[in-house]
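Single-structure report; data block below.
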Amino acid sequence: MTGLLPIFILLTSLVPAAITFFLRQESYRLRNALNLGGAVVKGALIVAMLVAVAGGASFETAIPLAPGLVLLLRIDALALLFVSLSATLWLLTTIYAISYLGEKPEQSRFFGFFSLCVFATTGIALSGSLISFFIFFELLTLSTWPLVAHKQDAASLRAARGYLLYALPCSTILLVAIVWLESATGPILFTDPPDLSGVDPASLRVIFALFIVGVGMKAAIIPLHGWLPAAMVAPAPVSALLHAVAVVKAGAFGVIRVIYDVFGIERVAELGVGTPLAALASFTIIWGSLRALQQTEIKKRLAYSTVSQVSYIILGVALASPFAVIGGLAHLVHQGLMKITLFFCAGIYDERAGVRSIEGLDGLGRRMPWTSTCFSIGALGMIGLPPIAGFVSKIYLGIGGLQAEAPWVLAVLGASTLLNAAYFVPLLYRLWFREIAPDAEADERAPALVGPAVAAALAAVLAGMLAASDISPLGWATLISERDYLE
Amino acid sequence: MTGPTLYALTGAALVGIGVFGLISARHLLRRVVAFNLIGSGLFVFLGAAGARGGAADPLPQALIITGIVVALSASALAVGLVVAHARASGRPALPEEDEEA
Amino acid sequence: MTPWIGPFLPLAALIWPLLLGALTAMPPLRPVAVRLLPLAPVPALWLALAGGQGVTAAPDLLLGVTLELDDARRLLLGMTAALWLVAALAAQPMTGRPHTAIFSGFWCLVLAGNLGVFLALDVVTFYVSFAAVSLASWFLIVHERTEKALHAGRVYIVIALAGEVALLVGLIIGADAAQSMAVGEIRAALGAPGSSAVGIALLVLGFGIKAGLVPLHVWLPLAHPAAPVPGSAVLSGAIVKAGLFGLVLFVPEGALGPVLMPLGLVGAFGAALWGLTQANPKAVLAYSTISQMGLMIMLVGAGGAARETVPFFALHHGLAKGALFLLVGVMMAASGRGRRLLCLALAAAVSASVAGLPLTGGALAKAAVKQGLADWSALALSLSSVATSLILIWFLARLWQMQGRDEALWGARFALPAALGVLAVTGPWLLWSAWSGHGPDYLFKADTLIDALWPVAIALPPAAAVLRWRLPQLPPGDLLLILGAWRGRAVRIPAPLSLRADADGALRAARRNSARLEGILIRWRLTGVLIPLLVLLMFALLP
Amino acid sequence: MSALVAVLVLPLAGALATVALPGRAARIAASTAIAATLAAALALAAWVAARGVPRLEIGGWAPPVGIAVEADGLAAAMIVMTATVMAAAGLSARHMLAPGAAGARAAFGFWPLMLLLWAALNAVFVSRDLFNLYVGIELLSLAAIGLVAIEGKAAALAAAMRYMIFALAGSLLYLAGVVLVYAAHGALDAGLLTDRTPARTDGLALALMTVGLMAKTALFPFHVWLPPAHGGAPAPASAMLSALVPKASFVILLRLWFDVMPDQATEGALALMAALGTAAVIWGGLAALVQERLKLIVAYSTVAQIGYLFLVFPLAGGASAEMPWAAGAWNGAVFLALSHGLAKAAMFLAVGQWMAARGGDRLEDLRGIATAMPMTAFAFALSSITLVGLPPSGGFTAKYLIMTSAFAAGQWGWALVMAGGGLLAAAYLYRPVAVIFARAEVPDSPLPSRGRQVVPLILAGAAVALGIASAAPFDLLSTGRPQAAGEGL
Amino acid sequence: MTLALDATLCGLIVAVALATVLGRGVFRAIVFFIVYGLLLSVAWVRLGAVDVALAEAAIGAGLTGVLFLAAVGKLARTGAEAEPAPGRPHLPAALACAGLTGALAWAWFALPEPERPGSDLAAALPRAGVENPVTAVLLNFRAWDTLLESIVLLAALVGLWLLARDEDWHDRLGLPQHVRPGGVMESFGRLLPPVGVLVGIYLVYIGADRPGGAFQGGTVLAAVGLVAALAGLIRTPRVTGHLWRAAMVVGPLVFLAAGVAGAALGAGFLTLPEPIAGGAIFAIEIALASSIAVTLAFLVIGPPERGHRR
């Protein structure tokens, strides 16, 4: 039974996906029940697993595909962190999406791919070998595409094409990297780091770079970020999925796996590739923020904000000092909570007030206080305002930067905070201090839309408020780094 | 030079001639004819090989008979195609090669 | 999970205002939110009065919250709580006006932060509290939503955020140097030889902004007058002290003295003189605050005993400045000559105290700090009293010029600054011995008296001159006016790096070319030759 | 054993019956034969998996006198794939080539040709005799040419003519090789030839056979006949032609280079083959990228995919044959052939249904067809995934195996071809996928029933399943292939 | 002496082949081709392969020649007889083909000496049930090849029929022949068939022991049918003629049935148990010959066509 738990967890997303595809548009109830049920059951299973792991159990399931090609599902603390995040946010997003989509067409396709996306993300989290990781990583690419293209208008299709234009070359590069490395070492399992001594350092550096390009595209590292802002044309739940639940997270998660479980910190340090990566991440942080400043559409601004924020995670793991790692890992969750809040709210503004551009936010704070409060919390958290989760990450990253003898990281963090403020504060200002246009129609009578936003915002606040507790993202990150990476 | 050698070289020459015909001809019927030349050239080569060492080897003969029948089948279909194509397009050559068309 | 360890009251003092703040968001309470405000500082006040021993720890909160109360903290906590209480009472007439629920909510948040700054023993709690003070007070500034208030808010938020960043980075450097989150250890680590001066500089930057350190003070004369009167009172009285206390807490003894002292003095004199160009009494008071904070920053820079007694000085200034701001509000609610005179008289008394007229609380404060100062700086302190006197006389004149209309419950309104004023003037007497190490008799010595008196006396002639021949009247914002061109310039960034290309054109060209090549290859006369050629090539390649 | 006979005899018997019987009875006979052969194919695979390689010396005459057939893992896997594709094509053809829909001529001709094609494929897959293989591929070619010409239009006839020329030239070159082999060794059986004393003429024989088979496989630059031929045939015919026919000659190449004359392989020759494969990948991909007709896109994609198959030669042949990575490359190539067959058939069948609904296969005609026929659209998308080589699909497994081998062999250039080709595939398949999933309000003719729409989906699903459950097919492939039984990499 | 004869023959063959390829005019090329086929059958006799000689004469030269001639006629009627421009001499092709010939010639001399040619075959022959080794190979040892070969014929025919136009589908096979009544063709047509049928049956019958067999015999029978049709003695059937279609498949079907029977009886697929091998082979040959005859004749006649559209 316990050996099958990872498989069951995967099935909680796959089964609803498979059934949903064949449902008629009118089967609202069944579809919603399936998706919500899947999300809830998954949550329950993850809790069960958490309990079991805390009790010392370990889970590992291997499905051989071909010699040298084993689908290995395995649970370690990092996997748990990611899978818990995605499962929680999936539940919220599902509730939100059901309400958001209302009676719009093509829902079976939407929810089918939606669940498939989560299936892939869960698979990424639970992958115990490099090739399993790649398989799910690609599945994610593919199942995301129909979601980005969901509206089927020209802009959506363009965005979807752009997404693949980035994703497929990068996944090819990733495959080359995997194959190159595995041809020298044999199949790479995350349980025991491969022996890389047989490969010459120059090749290893190239392979590392290929890996980073391969997974970094999903994490929207500049210059591989172009797809993300374009993809904001997708419906709000999809944006939430892209920015918080699945895609960019998978990329960041991939970077973590590559650095810690494929190469190992020592090897990364030996090769001297950590610092360039950290520098790249820093550049992304700054550049993403600068670009965000120029955007006039809410979701686009949020998208560039994600570009910037996700690189915090990468910065942390690339610096590889204890605090930086913890900060990076914790930011994986923190960013997810805050950004999903923001996208939920952006979706509500769009849906209930028809507002997409920043100008439209004027005075919405009074008409839509809950939404606007959540939005403000998300935005302030992004800036790093305590006690919302973001500041914890920043503190840890900063200290980590100093530990890694990279004091310039502080400058990056500082500049980024200022820039974050520069692009978020005007929004808050408009929300709360401008007068609403007299003919504006805005309300938030949609509890299933607002509820998830409130929950996510609350979670973001709690993650910061209770950062020191064992069950907080930070506590977890600490545990992971102590247990797995920094003996 | 022995008999089989002579025939083998003839076979080789026939193959060359046939291939040349197959390549250079534009008229499709000529190509089918050339195809038959190649085939028979090969059979002669095989027959010559089978005739080495005195006693004729029956196996190549059987193979050749089979080959001849197969060649006829192919020729018949090819000729049918040539005719049908010419009827449909008005030319006994492929459009891309028909310089008069 | 352990909720907390140690005395609960410090934790309650912080949580209670937050709870109230959350309550103000409840729809039924929104109209009467202001009514809750006076309750908010009560636990803190109780804590300050009752005192408390031991460290309170809430290990699961933030990165492990730890709170403690020592004498300095207790003093400032008490002052702050009292000031907030009185200000909250003074805010009662706002009940029912627009946006008061938001105002109240953030009032509570700022209060919690302000208290937290004084209670925090760990750097994260401190930072969180400081950020709450810093950023939430923006809502107090822009509350009126006038063009002026919004402009002030813009300036404020930009500078405050910059300050937050500097602070965050500085604290991170400190925490790394100390390998600890404890405030004391960080200060020690920063003071250790060989440690990074950047950290200290950033901390000074961050705190200096809040404390009105020249030249980081530019927001202050805009923001303090823009807020509603109770807001101004806490801003000028209590909130600036958070920055000051930060300096005291984190800047190591003696570090940056050569920078802080001159800058403090420049503030002390410059702001007072610039204040003379202001017509709005609240702006005058704001400049006075900068001036006084300059003094206190100089004291921090001087180090030693002077630095130790800064809280004592701050206590007086906080209470007095609070009283003065509130008096502006009271004056606005008075039209009768009697009431106006009463106001003026109280204002004069408090002003005299601030200027350090003998036997006032202000004089005590100055006397206490002077002991720890070198001669020249003591002289500077005395001279600053001249400037203070000058500006406060100017303030009184401007106050008198105000025209108000009568409002209800004037007596109660007047009682609030009166109470603060009394506290400001008399409070230092109660704590004198504990903070100066001298008996009350020291205060009545001729030296002390003269020392306190002459600056005020010197100030009178120029004051008369200023009143007679006015200085040019300028809008607030001194340096900002100079840097006016700086505002509103956007950052230009080159066009995005993107993979966009003329896809259609490329497709068309590719189609044309591929069709051409395919058209060649499809010719059997050509491709056919390749067959024997390939056979020969392969034959050549095989053994 | 009897399953082996059955897969050879049943389609033949079916073909004879469809020729002899009148219309309706012929179609019933065809359906029966299809079902029976499918069952026999599955039974054969099960037999092989369970009990090893069945060998049949036909007529009881052992080579060199008689002909032996063997169903090793490769043959069994190919036969099962063929049976699956054939069954699906047959199901689709029941409607598309019904007498009312396609005319009495096509309705008469399709079934015997299909069954003859099938018989020829099975015969080629199991045959161990070089001359028997020649007869087999001739039968295959003639049946295939008939299918290409079935539309009867001038373009289809020209396409069939071109195909005929290449096919005949290819057959003759192959025959020339066989003649040389027999002349040199007096034997035609693969097993006997493996143990032969190498002769100096073997190189020429191998060169002749290889080039001939390349022409039949439509390897670049001999691919020119393929797109018009496959693009012009009716969908079920295109499915068979594209999915299966090139595989027969490829399987013969595999047998020649890895079983019969592995000793003849040289670096240069192997590289030449892979170089042509590379050219095919690039050229097929680029050409597919610019087509406006979906069937041509799919057909050019076959050109490119055939190119991949030839990358196996330098990785598993010659000096590499003894190396650990050879098995990976060999298995990868076969996996690729299998999954490409399934996916390509699914694509053609899907396109066929769309053409019936929209009356054309220009991309613009098909805009938004996914709304009306989501299942076929999904099938097309799934097939695209396999062709691009994205996980989880048979295409991915294959790609992974080949790329790993390439890196292990130090010939990483071929891995880059594989990778780049995948990108090209993604690019040229993206266009149709985006178009069919776009929103458009176009009235459709009556749609095929769900039962018929699901056929391509099953094929595409099988192609994907090949990647998910690749262990069983992998074991099957290793049967009877001692040198490939190793773990590989 | 014999070598000189062979050399002359070979020279002629090559010359005629060259003329076939290089000569002007398709018709002339085809005439050369027929001559070439006849010369080639002489060559086969010289090589001691009488069976092949028969097959070459009947099929390679005769039937194929007729096929080509008929095609020329059909092309002329479709108006597509105009020959495309010959184009420049194709030098690269000439070089490549010379290379190919050279390679094959080299191969001949590089061939190893044959090892015990046909010894296995000779050992197996007594059990084959027939004495003519070629027939033994065709119908017993390599029966699978032969079965497939008969199927190839069928496939070609089905493919050929498919080339008909849809509107012609229900017409009779081939173009209607217009023979002058009482002309040479008619008399020839009346005279030939009885003789031809006899010859054909004899060839099939004799095939067991001496040169001859189903293919040669079937071809003669097919020629008889063709002549009869050309002479207008019989009308060609339609594709829907089920009797004819049954005749087309009966040979392969009997062959296949025999094979399956062998498998079903436990002897093995296509295994002819020694005692009944001779009889079985004869039965198969008869069936096969009739199918071959019908199929070959239909192949030459071509798909159904409605004549004279112009």
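Letters A, B, C, D and E mark the chains as written, and numbering starts fresh at 1 in each.
The rule we apply is simple: a contact is a pair of C-beta atoms (placed from the backbone, for glycine too) under 8 Å apart; a residue touches a chain by one contact, two chains touch by 3 or more.
All values reported here derive from a predicted model rather than from experimental measurement.
Listed by label, the chains that touch subunit B and also subunit D are C, E. Chains that count as touching both subunit D and subunit E, per the definition above, are B, C.
Ranked by how far their CA centres sit from the centre of subunit E, the chains are topped by C.
Two chain pairs, B-E and C-D, are weighed by contacting C-beta pairs, with B-E ahead. In terms of Cα centroid distance from the overall Cα mean, chain A ranks first. Averaged Cα coordinates give subunit C a centre that lies 77 Å from the centre of subunit D.
Between subunit A and subunit D the centroid-to-centroid distance comes to 42 Å (mean Cα coordinates, whole Å).
With centres taken as mean Cα positions, subunit E sits 107 Å from subunit C. Distance between subunit B and subunit C, defined via averaged C-alpha coordinates, is recorded as 100 Å. Counting partner chains per residue, subunit C shows two or more touched chains at residues 522, 524-525, 528-529, 531-532, 535-536, 539.
Residues of subunit B in contact with at least two other chains: 15, 19, 22-24, 26, 45, 49, 57, 59-60, 63, 66, 70, 73-74, 77, 81-82, 84, 89, 94, 97. Each chain pair that touches appears in this list: A-C, A-D, B-C, B-D, B-E, C-D, C-E, D-E.
Subunit A meets subunit C in the complex at residues 162, 165-166, 222-223, 226, 290-291, 293-294, 373, 380, 383-387, 391-392, 394-395, 398-399, 401-403, 407, 410-411, 413-415, 417-418, 421, 425, 432-433, 464-470, 472, 474. Those residues of subunit C lying in contact with subunit E across their complex are 525, 528-529, 532-533, 535-536, 539. Those residues of subunit E lying in contact with subunit C across their complex are 87, 90, 92-93, 96-97, 99-100, 103. Those residues of subunit A whose C-beta lies close enough to touch subunit D in the complex are 21, 64-69, 109, 131, 134-136, 138-139, 141-142, 146, 149, 151-153, 157, 160-161, 164, 168-169, 171-173, 175-176, 179-180, 182-184, 186. Remark: subunit B residues 19, 22-24, 26, 94, 96-97 touch subunit C in the complex.
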